[in-house]
Structure formats: C-alpha cells, structure tokens
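Structures are listed in the sections that come next.
In the two assemblies presented below, subunit A is common to both, partnered first by subunit B and then by subunit C.
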Partner chain A sequence: MSVLRPMDKLPDLNRATVLLVSTEDALLQQLADAMLREDCASELRVHLAKSLPLPSNVNRPRVDLIVFVINLHSKYSLQNVEESLQHVDSSFFLGKVCFLVTGAGRESHCSIHRNTVVKLAHTYRCSLLFCDLEVEGFRATMAQRLVRMLQICAGHVPGVSALNLPSLLRSSEGTLLEEL
Partner chain B sequence: MNMSVNDQGLDSDSTMDVEVVIDTEEELIKECEEMWKDMEECQNKLSLIGTETLTNSNAQLSLLIMQVKCLTAELSQWHKKTAEITPLTEDVLVTLGKEEFQKLRHDLEMVLSTIQSKNEKLKEDLEREQQWLHEQQQIMETLQELHSELKNQVVTFSESRIFNELKAKMLSIKEFKEKLLIALGEFLEDHFPLPDGNVKKKRKNIQESTAQLITLHEILEILINRMFDVPHDPYVKISNSFWPPYVELLLRNGIALRNPEDPTQIRLEAFHQ
Partner chain C sequence: MDTYDSAGLTPRQRASSGLKDYFVGVTPLQKRLESVRRQNSFFPTPSRRKILQCSQLQEDVDPHKVAFLLHKQWTIYSLTPLYKFSYTNLKEYSRLLSAFIAAEKQKGLAVEVGEDFNIKVIFSTLLGVKGTQRDPEAFLIQILSKSQSSHEHREDKVLWTGWFCCVSGDSLLETVSEDFTCLPLFLANGAESNTALIGTWFQKTFDCYFSPLAISAFNLSWMAAMWTACKMDGYLATTEFFWSVPCSPQSLDISYAIHPEDAKALWDSVHKTPGEVTQEEVDLFMDCLCSHFHRHFKIHLSATRLVRVSTSVASAHTDGKIKVTSSSN
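Up next, the complex of A and B:
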C-alpha cells in the first residue's frame, strides 16, 4: 500500500510497533538498539526505513508510532522526510507521528535552521523532540522517552491516548511560534 | 470517525494465577472476547473509510478540524464510560492480598538489612571509640604518675645555695691543685736536682757572672705560666739559666716542643687540649 494508515489491521496482543524513518542509517540502528534495550512491559517491534512509501510486498504489523529523524547537518534528510510525509494518512498525525531532530549541538555544521523544523512540526501538529543521537547517554534517554510514547500510542497505557500526546509534549518553542 | 482504543488496558488482567478458581477466569475471558468482537466491528468500519494525505498548505487546518472532532468524541466517550472494577471475588481478593503482603515483606526485609548493617557499623565504631578511650586513659595515668614524681623532686630554687656550692667546689679544686703542685715539687727535687747539688732558692734571680741555673721545677713553672698567660704564643726563649741536659730531657720525652720557626724557643706540650 502506498499510504500508511494507522488502523489498517487489528493489533497484536501486547505488541507495539514503531517505524523509524531517516536517511541516517547508522544513527537509526543505534537508536533502535537503545530502544530494544529498554525495560518494557509490552513486546516492542522496531522497523527501520530510509523513506516512505514502504515496499508493499512485506507483511508487517500495524504501525503505532512513526518517528521521522531529521539531521540538521544535511538538507537531504529534511527533503527526504518532507517527501515521505506525502505517503502518510492524515489520521496518523493525531499524535502518532513524531519528529526527532539531531545535530542541533554543532551550530557551525547546521545547514538547516532550527525554525524550519519547528515550523514543519507546527504545520503537521506533531510533537518535536531534540536530541544529539551521537552521544550515548542522550540516546539512551531519548530511547526511553520514545518507548513510553510508543506504549501510549499502542494504547497500552490506560487513561492516556495518542491524541493527548502533542499537547503533553508541547515545549515553549511551540507556543512562541503560535504568537508570531 | 477515528477513535483510540483504550480498552486494551484491561488485557493485563487476563494473566491470572493458576490457583484462581476457574469461574473468575472464565468470566474475564468472556469479557475479553466480547471486547475483541467490538474491536473487529470497529476495524471493519474503519477499513471502509478512505485514505487522505496532506500537503503543507492544507495540513494545519484539516488537522485542527480533525483534532477537534476526535477530542470531542473521546471526551464524550470518557463521560459515558463508568469505571468498571474487577469483580472482587474471594479469589481476586486473595491474590491481591498476597501481592500486597509480598511487597510489604520485601520492603520490610530491605529495611531490616539496612538497619542490621547500620547496627554492625555502629558496633564497630563503638568498639573503636572504646579502645581509643582506654588508650587515652592509660596515657593519662602514666602522665599523672610522671607528674607526681617530678613534683617530689623539685627542690626550692635558691641562688645563694648554688653560689655556695660552687664556691665550695672551687675551694676543693684549689686545694687539690696545691696538693698536686707540692707533690710535683717534691718529686722533682728528689729525682732531678741541680748539678752542683745545691737547691737554688726560688724567686731570687741573682745575676752573677755565669747565670745561675734554675731548677727543673722552675723551668716547668715558666713553661706552664707562659702556656696559660699567652695561649697564642706559648714559646719561651731558652735562657742560660736553663740547664741544657734538662731541656734535652723535656724535649726528648715530649713534654716540651721546639718552635719550628725558631730553635731557641720551646713550649709546653698542650696536654690539656
């Protein structure tokens, strides 16, 4: 299928699937490993993809959370993500999509401005997370956050639904942009 | 209309202990099956809805509208939903009770071990402090003994007494010195007389044609006095009144030494240095 839909299949019992999309293969692999190392009551599945649309011949479970990883050092990663966004069903954006930005630490290497990504996240009403994925400590913390988010998106946390996520994860930057 | 399915939360209750009576388990399984049927119905309805993708321009507006709809739906769902408690049958209560007790026991065990180790540490500290105290007490006792001993030995300090003691010492030394000199004089008279057999009277240097010879005793006196009067130049010129054989005797036996710069001068060997 060319467009990814959130509720196209029945969920597997106690299973949560996350899809990490990025051109940065190495970082993605490390993030996936960090996430799988986390202690979690639900069974985790991590799928990696360079871009969307995904090949349709593979039988995969329904995706609970999509994380688009953008590297501020490379314009290509942003372009790739923007193109992939065309292949995501609109109902996914109600909290089941998240943008993860890496490389903000080294200002001199950044070819994309932070505000570009902030605007992108704002347009699609999604949560935006910043993390330097190359540092192991930060990576592990971010993996923990993503696992919790994934559990919520898969419905494994009673009382919190994916709809609440964007408002819960709103940072002060988001509000600033709204005032502009 | 999209809705998030929150009912999966009750799935965790389906894993129960085997000891539980079958009734409760069957009931729960029945509930779960009903929920699953509901889900399948919803899924069927969902699959009928078409897909929609977004572009940057229409994304915000359409998403906001969707969000409003979904949140309102979720809100109404929350209002409708009454909290369902798991039927508190005896088995459930027993299991829950057991769990609570396990937790309590675990916590208490942790507290116990912490307190025990603290106790051990305190015991060790106490022992150490006691030993230290014991040592300090011993030191104190020894010092006190020393103190009392020293106190007894202290005699009242009196200047005049010391002065008198020194005077007495000096007197006794002077006496001894006199005795020694007398003994020396007698010895020299007996064994080293003057050649003509006459004992020359002391202190009367009568200058006659040939200088009068002085006794060995007098030579020695001259040498000794010179030695102590002028320590940096203890040399005495050999005069004609010295009987040459006696001078030779003194020199040969190391009692007197010639002046290396002037052979007519001799001095006493510094036996006291």
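Up next, the complex of A and C:
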C-alpha cells in the first residue's frame, strides 16, 4: 500500500500498534525498548521504519499512532519526514500523528531552527513534543507519555478519543502562533 | 504586546490579557521580561535580515585602525552589559588595568616566565564599528610590551588585542537602563592567559559576565550565504565549507571547496530582493550545494554538521573563532 490509512484494517483485541519513523536508527531502537518496558494493560506493538512508504508485501496490523522523530542536528531527518508525510492519509492527522523533536539541548549543533518544526506541526495540526532522546531519564518519561497516547489512539481509554489529543497537548507557543 | 491584543481574542482570554496590560511596563525589570518573552515567541526565526548598509558610517572609520583587525583569528565571547562604564575614563582604565596585570604577573599566576614586566595597556575607541547610530561605540584594548633596548623604542610589540562592539543591537538596547553600556560582543586575539586576566578585571570592575559564544550550524549557513552575497573586488579566496560527520569511533571531516565566482553566481540566481536575505534563500543556497555534492558522492551532507565556513570576506568556526579578511564589509 502506498498510503497509510487509519481505518482500512480491523483492530485486534486489546492490541495497540505504534509506528516510529525516523532516519535516526539508534535513537529509535532505544525509544522502542523504553516503550516496551512500560507497564501497560494493552498489548503493545512497536514498528520502526526509516521512511514511508512502507513495503507492501508484509502483513502488518492496523497502525494506531505514528510518531515522526526529527533530530534538530540533521536537516536530512527533517527532509525525510517531510517526504514521508505525503504517504500518510489525511484522516490520520485527526490526532493519530505526533512529531517528536530531539537534539534541542545542544544549541551549537543545531542545523534547523526550532521554529521550523513548530511551524510544521502547526501546519499539520499535530501535537509536537520535545525530548532529548539521548538522555536515559528523559527517554523513559517520553516513552511513558507515548504509551499513554497510544492507548488513547487505540481506543483503550474510555472517555478520551484521539481527536482530543491535539488540543490537550497544545503548548502555549501553539496558541500564540494561531492568534497571530 | 499591543499588536497581540488587537487580534481576535475570546472573552476569557481578553479578561486575563487586560490584567496583564495593567502590570506590563510598570518596572524596568518587567519591561525587560516582556520584551524577552516577545522576542522568543513572536519573532522566532529571523526570516529576513537586512544586509548592512554601513556607508553612512564609513567616514568615521579610521582605516589604519580597522586594517589591523583583519587577518587575525578572533575568539568570540558574549558579554552582559557593563555597569557604569564611561568613554571619558579610558586613560584611567588603562592605568588600572596595567597595574592589575603587573600585580597578577608578579603573583606568579601567569604562565610565561622570563617575560619583561613592562606592560602597557591602551584603551581606545574604534569609531564607526557599529550598525546604527544608537549602538554604543566600540572600543579596543591592546596590551603592548615596552621594549627594553633603546634603539627599538619606536615599535612596541603587541601581545594581546581585544575589542568590544555592538552592531544593530536595537532590541537589546530597548531593555537596558541608563547606567549600563551594552556591548555584547567581545573578540580576543592573543594568549589565553591574558584573555582570562582581562576577563577577571572586567568582571570585577563592571559587574559583567563573559561566556564563550559557539556558533550553531544554522547560523553558520546564514553567515555563508550573507558573505557570499557581498560584492568583492580584488582578492578572491576559495569558498570552503567543512562538515563533520558524526560517526564512531572517529569523526570524519569533509571539506568542500568551490570557486568564489561560482558561489556568487549560485547566490545571484537564488537571491530575489536586493537589500534583504530571507530564510528560504539561505536554505535553497545550502540545498543546492548539498545536492550537487550528493550527486557526485552519494553522501547526504544534510545529515552532517557544518563546522566551518570560509569565504573571501571572512571565515567562521563553530567553536567561536572568526577571521575577517575584507575591510569594506
């Protein structure tokens, strides 16, 4: 399949699948390990991909949440994410896509300005999370957040749906940009 | 804050912003906080930057003084505003600083031994090194060693040079109160021990703080684009970029050199409005260079980190070292 659609497969019972997309393999692997270590009532599946579109010959479950990881130190990761976004169906963007930005801690290594990603997340109306994935403690906290978001997107949390997520996770910068 | 309030606000937000209006601008400290917050949220990326037209200040510039600022490698530091600094007391400061340096060297803190202790310190203003009329004047400090022998009394050897300047610091100057002089950029050339001594004296006398300034890869690409845009006549050096590839165990360095004429031609084809440089133009310029490299070597330069940029006008390294080679820009 060339375009990823949220509703084209039936959901499995008590199973939640997240797709992590990024060029940064090492960081993705560590984040995936951290997420799988979390205690969760649902059965977690974590898929890693370098970019979209995914190869169509593999039988995979329905994806509940896509997380695009951008490293501020490398413009290549941003370009890769921008190209992959074209292969995602627009109905995914109703709360089931999230941008995770890493590398903001070391200012001198940054090739991309922080506000480029803020504008990108604002254009796609998706939540934007900042985390330094190289630090163990921050990574564990972010894994916890992502697991909780995944449970909401898979529909395992009663009363909260994926549609609520962008407005719940909006930071103060997002509101200022919208009101300008 | 005024333009922000005039955009459509919901009633709840209007009530809270009304309260904010009442408190804003009450004390200088709050005014400063507001302007810092405004800078960080409303003017995030400098999407447009004006190319400095410093022609109106050219007459003040003393070409002889400015000439020796060129072709030297400067380490840059960022500096907080100086408290109670006055341009009329420069002679006084020279005297105090030379006494301080002589005292420190006699304490045995300096590393060099066998050096003559006849140190002379000169403070002088550098006219014309500023962006707009509002900027405070730049000033220069030189440490000279008084030569001992009589027939060499003409030339004193310059041991260390440092200069402070402020260029187009409008947004900073708004928040600074009258007792402070804002000269945020400090450039030093010479022995590290002397830089440390000068730094300590300034911190004690003017209650300021020095910190080394690292230039990010993002800013280096801006500098490369703006310096390529400068019109150069005469001496043309190759335009070079150095990239550092983050791979273990040792990092790889890629150096990419292009003929300055080609770089200028590429920039001219990208550049649209005269007098202004936009973010898109800088990105396009760098992307063209990277894709050309990719076509030949199949290496994605955008995954690496830009470490050093060198053009005919100036060169800059990410650790905070710059060298200026052209006097007209």
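As a convention for this text, the second predicted complex is superposed on the first by the 180 of 180 C-alpha atoms of A that agree within 3 Å, B and C clash if a C-alpha of one lies under 4 Å from a C-alpha of the other, contacts with A are read in each partner's own complex, and residues count from 1 in each chain.
Quick note on the criterion: contacts are C-beta pairs under 8 Å (C-beta built on N, C-alpha and C of every residue); 3 or more make two chains touch, one makes a residue touch a chain.
What you see is a predicted model, and the numbers here were worked out from it, not measured in a lab.
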| item | value |
| --- | --- |
| Partner chain in contact with A:Thr23 - subunit B first, subunit C second, else both or neither | second |
| First, second, both or neither for A:Ser77, with subunit B first and subunit C second | second |
| Greater residue coverage of subunit A in the superposed arrangement, subunit B or subunit C | B |
| Partner chain(s) touched by A:Asp39 [first = subunit B, second = subunit C, both, neither] | neither |
| Partner chain in contact with A:Thr116 - subunit B first, subunit C second, else both or neither | second |
| Partner chain in contact with A:Glu107 - subunit B first, subunit C second, else both or neither | second |
| Subunit B and subunit C footprints on subunit A, overlapping residues | none |
| Complex contact set, residues of subunit C against subunit A | 4, 7-9, 41-42, 44-45, 214-218, 221, 246, 300, 302-306, 318 |
| Contacting residues of subunit B [partner subunit A, same complex] | 2, 4-6, 8-12, 39-40, 43, 46-47, 51-56, 59-60, 62-64, 66-67, 70-71, 74 |
| List of subunit A residues in touch with subunit C within their complex | 23, 73-77, 79, 107-116, 118, 173, 176, 179-180 |
| Complex contacts: residues of subunit A adjacent to subunit B | 3, 5-11, 13-14, 41, 82, 85-91, 93-94, 122-125, 154-159, 161-163 |
